[in-house]
Amino acid sequence: MFAITREPLDPRSLVEAVRCDECGAVVLFYGVVRNENLGRSVRYLEYDAYEAMALKKLRAVADEVRAKFPVTDIGVLHRIGRLEVGETSLLVAVSSGHRREAFEACHYAVDRIKETVPIWKKEVWEDGSEWIEGHVPEVPKVTGDG
Amino acid sequence: MFAITREPLDPRSLVEAVRCDECGAVVLFYGVVRNENLGRSVRYLEYDAYEAMALKKLRAVADEVRAKFPVTDIGVLHRIGRLEVGETSLLVAVSSGHRREAFEACHYAVDRIKETVPIWKKEVWEDGSEWIEGHVPEVPKVTGDG
Amino acid sequence: MPQVHVRLFAGLHDLVGKRDLVLDLPPGATIGLLRERLGEEYPVVQPFLSTLVCAVDEEYVPSGHLLGDGDDVALIPPISGG
Amino acid sequence: MPQVHVRLFAGLHDLVGKRDLVLDLPPGATIGLLRERLGEEYPVVQPFLSTLVCAVDEEYVPSGHLLGDGDDVALIPPISGG
């Protein structure tokens, strides 16, 4: 299960989607809107995304995770639009036979999502706002069809 | 939030209990009943516990985690009694400012729960059953009041 | 003469058929002595003694721990929660 | 003469005030040239060019990538999802 959505995220359905009868462990990560960043008080966040590409890149992260860790399944939901403090912007669920792989793969997936998926957040404070510049995505040295 | 209970576990209330407005990350671990262990097909599990001590030891694990990692909060629910394949036996939720601590602290907490908390599981197969012998808890060299 | 309350769980509970026992021990008895006595009075428990640890008042204690009258002793076979 | 469709997001969308642009480029144009042209036609974009990467057909591409007529180019400022 992969989605970029404007609706509140549902952890239960994501966990149900990745769970299977061979799985002994599920690790679920919640990215949550904090009330503060770098010393500034955050009122709310506004997320923008290149939705089609973001969905494609979420699936690419999942493929990378499946190739790298012996996990059973992975699912990712990312919310966009306006999010209030305490709301969940990102859910990553990983299931596996045993816990170590699930923890490591889920952590890796979150790192890679932040490095590769074209989504942006704007922090809105009492007295202004700013689009946060995070990671510059890695670009292939030689283009596929160039 | 800490509990040893015979009722199905509720991840939503646990996450809500550990979340706070300063938290950017919550990691939630699900221990799930697998349909197979060491090549034997599992019908269901039966968990027994020394309930009062188990609850005390869950809190001790939480204290250990809070001392070792810069996390905001931790909560643990462990179900006992009969659990079917696919049901959740353990939930550990950790919240923190950033994701790394939440992943590391949650993984550590699950490891320590398995090493220290007096809970036992019996595997029930088609043709028999067995109480699983896992960890021998570490005992202090010198007793507190001895 | 210390009398202690003994709690049984999991496989020990199944084998002995009871959740609780009361044991009378000589003055100066330790956890080590309690384990020996258990093996004598409940031979089914014997094979479990080598991996069994004990808790008194909900804390793990070493074999040398002195027992007092009314102590609450739990027999803890290797744990397998999670 | 290749005509490309350009997508704007986040801060670039705010600055330019549009979600999409169409740019006419000379034959043999690369992503590098497109970036130059953008800086000329939309000076507000200039400060962002050094950290901007581009995607064509939903894949990140290097500066030397050749553009063809009808290509779908997305301007990707540093990302901050999660």
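Here are some notes:
All chains are identified by letter, namely A, B, C and D, in their written order; residue positions are counted from 1 within each chain.
The definition used in the following text is that a residue touches a chain if its C-beta (ideal position, glycine included) is under 8 Å from a C-beta of that chain, and two chains touch if they have at least 3 such contacts.
Every value quoted in this text rests on a predicted model; they were computed, and no experiment measured them.
Think of each touching pair as a link: the shortest run of links from subunit A to subunit D has 1 of them. The fewest steps needed to get from subunit B to subunit C, moving only between touching chains, is 1. Centres computed as Cα averages put subunit A at a distance of 25 Å from subunit B. Subunit B and subunit D have CA centres that are 50 Å apart. Between subunit C and subunit D the centroid-to-centroid distance comes to 74 Å (mean Cα coordinates, whole Å). In subunit D, no position touches at least two other chains. Contact with two or more other chains is made by residues 31, 110 of subunit B.
Put simply, subunit A touches subunit D in their complex at residues 31, 47-50, 52-54, 56, 78, 89-90, 110, 113-122, 131-144, 146.
Residues 11-12, 15, 19, 21-36, 85-86, 95, 97, 99-100, 102-103, 106-107, 110 of subunit B touch subunit A in their complex. Residues 7, 9-11, 13-14, 51, 53, 55-56, 58-62, 64-66, 74, 76-82 of subunit D touch subunit A in their complex.
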